[in-house]
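One structure, as C-alpha cells, below. Some questions next.
Letters A, B, C and D mark the chains in the order given here, with residues in each chain numbered from 1 onward.
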Amino acid sequence: MNGPLSPVGVQHVEPRQNPYVPHLAEIVEKRWEAPRIFTYRLRFRDEARRRAFRFFPGQFNMIYAFGVGEVPISIVSDPEDADLLDHTIRVAGDVTGALDRLDAGDVVGLRGPYGSGWPLEEARGKDVILVTGGLGCAPVVSVINYVVKRRESYGALKILHGIKTPKDLLYRERFQAWGRIPNTEVHLTSDQGDGQWRYHIGVVTNLFRRITIDTRNSLVMMCGPETMMRFSVRDLMTQGLSADRIYLSLERNMKCAVVLCGHCQYGPTFVCREGPVYRYDRIQPWFDVKEI
Amino acid sequence: MQIIERSAFPVLCEALQRRGYELVGPTLRDGAIVYDRLASAADLPIGWTDEQQGGAYRLKQRPDGALFGYAVGPHSWKKYFLPSEQALWRAEREENGFRIIEDRRDAPKLVLIGVRSCELHAMAIQDKVLMGGACVDPWYASQRERVFIVAVNCGQAGGTCFCVSMHTGPKATSGYDLALTEVLEGDRHYFVVDVGTEAGEALLLDIPHREARDEEAKTAEEVVTQTAKTMGRTMDTTSIKELLYANVEHPRWERVAARCLACGNCTMVCPTCYCTTVEDVTDLAGEQTERRRTWDSCFTMDFSHLHGVGSVRSSTKGRYRQWMTHKLATWFDQFGTSGCVGCGRCITWCPVAIDITEEVRAIREATS
Amino acid sequence: MSTRTITVDTLARVEGEGALTVTLEGDTVIDVKLKLFEPPRFFEALLRGRRFEEAPDITSRICGICPIAYQMSAAHAMENACGVRVDGALRVLRRLIYCGEWIESHALHVYMLHAPDFLGYESAIHMAKDHPAIVERGLQLKKVGNDVIVLLGGRSVHPVNVRLGGFYKAPTKLELAPLAEKLRWARDAAIETVRWVASLPIPEFEQDYEFVGLRHPDEYPFNEGRLVSDRGLDIAISEYDAHFAEEQVAHSNALHSTLRERGAYAVGPLARYSLNFDRLSPLAQEAARAAGLGPVCRNPFQSIVVRSVEILYACDEALRLIDGYEMPARHAVEVRPRAAVGYACTEAPRGILYHRYQIDEHGTILDAKIVPPTSQNQKTIERDLAHVVPKYVSLPNEQLTWRCEQAIRNYDPCISCATHFLTLTIEQASVRT
Amino acid sequence: MAPAPKLKLAVWKFASCDGCQLTLLNCEDELLAIADRVDIAEFREASRAVAQGPYDLSLVEGSITTVRDASRILEIRRASKTLVTIGACATAGGIQALRNFKDVNDFISLVYASPQYIDTLATSTAIAAHVRVDFELRGCPIDARQLIEVIGAYVHGHRPRTPSHSVCIECKQRGTVCVMVARGTPCLGPVTHTGCGALCPTYHRGCYGCFGPMETPNTGSLSEWWGHLGVREEDVVRAFRTFNADAEAFRREAQAHEH
C-alpha cells in the first residue's frame, strides 16, 4: 500500500527547508455560513508562494493561529483560481476558537497543500454521489463547487445529506441552490423531525432507496462521522457498488501534516499522505476495526 | 582488518577531538550506562557490565578492563538526532500580523563511540522516516551529516536482546566509519577494526595500528558468533506483518492491556520511535511565541485526540496494539522496513516487564 | 467612656488566615484577640501510624513557606530517636539548604510583605510602580534563595531531596558551583537591603521580651544547639516539654505556648540575633552596626532590619559552605528504627520549630508533637498590640488598624503552621462580591 | 489583533499550606509581568488591597473542611467567571483528607484538649465536590511553569496546555534513568500525572505521587509489580495514601490492599 492512490497536489518542497514554517496569509474576507461556522478567504502575502500554489479539491492546508496552534482545514475553493483560498471552519476548540477571533485584515500562518484529493478526473462522465453527515461537509463542498463549474463534464450529481436534528442543517440556502442546478438532486434527512422539517426523516442510509444508483457508472464520495460512513459503505455495497467506487475522507489528529510526527496514522497509512481521501478498498480491512 | 591496541584507543579519541568532534558515548550515570558527552576515553564505563531482564537493569563490575563489555542502556542515539525538545521556529507580533523567525544553527560535530549494530539499523530506519519522504526533518538531517561513527560489535548479548531474530546484529555491517571488535585474551586487549568509510580510513592514519593477522580476525569473528548464540530473547518473525494484520482482534490484546500501564516508557526508549507533538509556548504578554516540538507517545490519550470524538484509542488495548502493530507490521507498509531492531530496550525499561517477544509468541501460538 | 474597636477581618500579607479584634475603652486597651481561623489539619494525628521516614515529607506540608524547616526538624528528631548523627558534607548541605530557605523567606517578608507597610503601599506590586528597581532587587534576592533550594531539593516548595540521614542525591561540587556566582550577587544585594531597610521610617518601640532561640558553640544556629534564653534558660532540646507548656487563654480559645516559669517569650529573628550576635559573620555584624543595630534588638519594628542582616548572613554562610564543600561518599547515612523518642528543634525563618516523635522498633510513628514558631509568638504579638495601640491611639481608625497589622507582620506570622494545633474561632468573613 | 483585555484575578485560600499560592510569588521573573497583564483583585497573601467581584479568574487553593468554607466556596463560585483549583488540597482534598479514612473525632481529641470547641467537617474534600470547577491544576505543590501557563491561557483565551500522561514520559524526555528498573526503587511515576518535571527520579528517589493519578492510571498492575519488588501490602496502602489520598484511583487502590 505504498504511495498515494488519489491525486496529490503539487507540493513544492526544497530539500532542507524547514517544513514546519508556514507562510503568512491575510484574511481577505470572513463570511458566516452558520452560527459558529465561517469561511475565510485567504491570500498568501508572498507573491511567489501565491503563484506556485496548486491544489486538488479534497486537499487541506495547515492554518496557524498566533500563539495557539495549527490545524488541518480543507480547501473548498476552485483549484483553477488558487490565488484566493477558501476554508470553511467550524469552531471546535482552541485553535479554531482563536481563528474565530480574527477577522478580515488579520494574518494567519498557512502551509500546504497536503494529502490526497477527490478523484475528480476519474469521475468525469460519471454520476457523482455525495454522502455527507452532520457537520462534516466542508471537504465535499469543494467537489460540488468543482462539478457545478464543469457541469457538462459529469453525469448526475446526487447530494445526500444527513443530520441529527433539523437545527443542525447548515447552508440551507446553498442546498436549495444546488438543488436547482441541472441534473442535480439534493436529498436531506434528519434523524428526528420537528414541525417545520419538510424533508426526510431517518438516517442517511435510508436515502439510498430514494435515488437510483448506476453501480457501473457512479463514484461515491463521502465525508462525515465514521459511524455514518461505516453504515453507508455497507449499504452501498449491498446495493452492488464495488469498494473501489467509494471514496471517503477521514480525520485523525494531526501535528505536522508532512509524515514526520506520527499522529495521523491510520493503520498502515498516514492521513496526511495517503489520505484524507481514501478509496475504500484500500482501507477496507481497517475500517471496521475499533480504535484504529 | 586492522588492529588497534587498547593502549592506542585514547589516541583514536584524541585524533577525532583534534578534528573538531565532540565525543559522545557510553558512560556511568545514575546506576546505568547512558550516552553522554565524554571528556576522554577514560569516561567510558571501563570494567563495567549490565544485567538485564524484563523490567530490571543492574550494573555489575567485570573482572576485566573491557571498554565495551555491556549491552545497550536506557538511552538511544536518537536523542542527538531527534532531541526530546526542539524549537521549530518562533514568532513575534507585529503591527499588521506577526513575523516568523527561524534560529537554525549547524549541528555540532559529534563522534558517536560504541554504536551497536542494532543501533545502526535503528538509525537507518529513522533515516527513512525523517529524511526519506517528501519532507525532511532539517535538524535530523543536519546532525546526521555531522557525525563520525565508531561502531562496536557486541561481545556480549543482553538479557533482553534479540537482534539475531531481527537480522540487525550483533555484527555491524554498514553505516559506520569504523567498526571495532573488542578482544580480551589473557593479558592481551586489542580491537579488530573494520573500515567503513574513507573518513574512517583517513583517521586510522593518525593512530598506531597495523594489519590484523588471520587468527586475530578469526578471534574477532568468534566473539560475534558467540554473542549471537547467547541472545536473551528470540522472536519468530515469519510473516509477522500478516500475522498481526490477521489478529487485530486477538484476545491477547486485552490481556496485555490489563498489565500495561500506558506509561509510554517503551516508546521513549525505543531507538526508532519518532513521534512528536508540537506546541506553542507563549509569553504572558502574548507578543512572543515559540513552536516547540517534543517527543510524544502513542500511549497518551492526547495522541489520537479528535475534537468531538475524544481519544480515538481511548483503551489501553487500542494503544498497545497501535504500538506493537506499528513496530512490527504497519511500519513495513509505511516505510518499507521493520520498526523494531531487537535491541530489547522496551522489555528492560517497561516498568512491569511487558515483553514484545512474548506478546508475539502468544499471538502466534494461539493462531497456529 | 467611649468604646472603640479595631477589627481586621482577614489579615493580609501573612501566610494563612487570621483576624484581629482590639477593644479600647478610652485610651485603654481592654482586649486584644488575634484569632486564627485557618481550619485545622490535624497533622499530629495523621502522623500516627505512618512510617518514620515519611515525617519530613508529610510535615513539610504544614507550611509551604518554610518546608525546609519542617523537613529539618523532622529528620533531626527521627535521627535523634535512632541515635544517628549526620556529619560532614551532609551536614554542610543541610545548612546550605536552610540558608536558601532563610534567604527566600526573609526576602519575601522584607520586600513583599513588610516593607510596603513602612512606605504606605497596599502591596509590593503597588510599591513596584514607584520603586521598580527595589522590588526587582527583592524578587531577584528571593530567587537566589529559591535557586539554592531548587538545586539541592528539586523545587522550592516541598522539595523532594531531603531524607532521614541526609539526601537522596548529594550534588557534585561542580553542580554547586553556579550557585556561588548568584550568591555573590545576592550578598551585595543583601548589603544594599540592610542599608535600604535601615532608612525606612521605623517607629521607636522598645519592648521587654524573653528571647528564646538556639545557641551553638561556634555557629549562628540552624539545625543544632541548646535552647537558651536571655533570662537564664539553657536546656537540651529533650528538656523542651519540661519547660514549655501550651496554655489555654480564655479570650481566644487558642492554645498559646509559654515558658512554664515565666509566661510569654519571643522567638524568631530578633531573638536569634540578640542571642547570637557574636556568631554572625564579620560582614553581617558590620552591616548590622552600620544600620544602627546594637548586639541586642528589642524593637519588633526593626525586625525588618534584623531579617535583612540574616539574609546577608545566610548568603555569606552559603558561600562559605559551597567553598568548602566536597561531595560526600554516601548520599545519606543509614537510619535504622528503634523504639525511642526523638527530639529536635531547628531555627525556622520565623523562630524555633520543635518536633518530638515516639516511634516503635519498626519505625511506626506512635506519637507526634509539633510546636511551630508562630504559636510560640502569639502571646507576644498580642502583648505588642496592647502597647502599640495606646501609643498610636490618636490616629484615625484606618491608620491605627494599619499600624496594628504592621505590628503583627513584624513577626511574619505563619498561620498555616500555627493552626495545625490551634483551636479556631469561626469568623463569618464573607466574600466581597 | 488587539491585545486581550485585562483579566481580573482573585486568589483564594482554604485548608492548605499556602505553598501553591506562594508558587505565584515564586515566579520572581514573571510576577511583575503578570501584575501588568492581570488586575490582581484579591490575593491576601500578597496584598491588603481588595477589589469587589465579579472576577474573571479565581485561583482556589485548599480543601473544604469546615461548614463556613463550604458556604464560602459557593459565594466564590458565584463571583467567578472561571474557577481554577490549584494544588492537591483543592483537587483531591490534600494530606488532610487522610481523616476521611478515619473517625475524625479521634483525630480531634488526639490534638486538642477541648475537642468540643472544634468545628470541623468529618472530611476534607476537593473543591469540585462542592462547586463546578473549570480547570484543575495538579501538584503538591503546583509547578510554577504550569501556573504561568494556566494564567496565560486564560489571558489569551485557550485551554491550559498541561498534559495528563504519566510522569515517565517527562522522565525519559529529561534523560533520567528509571529508578524502578535500574535500582528496584518502588516508584509511582507510571500512574502519576505529569507536570513536576519528573523530580523525584532525577534525585534518585521513587515518585510519591504528589500530582495525583494520570489520565488512565493502571494502579492495580503497578501494585502487583511492587509486590515483586518486595513491597508489603501495608506499604502499598501508605504509598497511595498521601497527598492525593482521596483522588479516586488512588483511594480505590489503597482500599484494595487494606485488609
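In this text, a residue touches a chain if its C-beta (ideal position, glycine included) is under 8 Å from a C-beta of that chain, and two chains touch if they have at least 3 such contacts.
Keep in mind that what you see is a predicted model, and the values were worked out from it rather than measured.
Colleague: May I ask which two chains are joined by the most contacting C-beta pairs?
Modeller: Looking across every pairing, the one with the most contacts is C-D.
Colleague: Looking at CA centres, what chain is most distant from subunit C?
Modeller: A
Colleague: What is the distance, in whole Å, between the centres of subunit C and subunit D, each centre taken as the mean of its C-alpha atoms?
Modeller: Inter-chain centre distance comes to 25 Å.
Colleague: Need the CA-centroid distance for the pair subunit A / subunit C, whole Å please.
Modeller: Comparing mean C-alpha positions, subunit C is 65 Å from subunit A.
Colleague: Which integer distance in Å separates the CA centroid of subunit A from that of subunit D?
Modeller: 43
Colleague: Per the centroid of Cα atoms for each chain, what is the distance between subunit A and subunit B, given in Å?
Modeller: 39
Colleague: Hunt down the residues of subunit A that sit against at least two other chains at once, touch-wise.
Modeller: 66-68, 93, 106-107
Colleague: Where in subunit D do residues touch two or more of the other chains?
Modeller: 1, 156, 204
Colleague: Show the residues in subunit C shared as contacts by 2 or more other chains, in ascending order.
Modeller: There are none in subunit C.
Colleague: All pairs of touching chains, please: list them by chain label.
Modeller: A-B, A-D, B-D, C-D
Colleague: Over in the complex, which subunit D residues touch subunit C? Could you list them?
Modeller: 13-23, 25-26, 28-29, 31-32, 35, 40, 42-50, 52-54, 65-66, 68-69, 72, 75-76, 78-79, 94-96, 98-99, 106-108, 110-114, 117-120, 124, 140-141, 143, 196, 199-200, 202-205, 208, 210, 235, 238, 242-243
Colleague: Taking the complex as given, what residues does subunit D use to touch subunit B?
Modeller: Answer in residue numbers: 1, 3-4, 30, 33-34, 36-37, 148, 151-152, 155-156, 161, 163-166, 168-169, 172-184, 187, 189-191, 204, 215-216, 218, 221-222, 224-225.
Colleague: What residues of subunit B sit close enough to touch subunit A in their complex?
Modeller: Within the complex, subunit B contacts subunit A at residues 88-89, 91, 93, 96-98, 100, 102, 104, 129-130, 133-138, 141-142, 245, 248-249, 274-280, 282, 286, 289, 291, 293, 296, 298, 302-308, 312-315, 317-318, 321-322, 326, 329-330, 332-334, 336.
Colleague: With touch defined as at the start, can you tell me which subunit B residues reach subunit D in the complex?
Modeller: 29-32, 34, 55-59, 74-75, 79, 84-85, 93, 97-98, 258-265, 268-269, 279-280, 282-286, 294-295, 297, 299-302, 316, 348-349, 351-353
Colleague: Residue numbers of subunit A touching subunit D in their complex, please.
Modeller: These residues of subunit A touch subunit D: 66-68, 93-94, 97-98, 101-102, 106-107.
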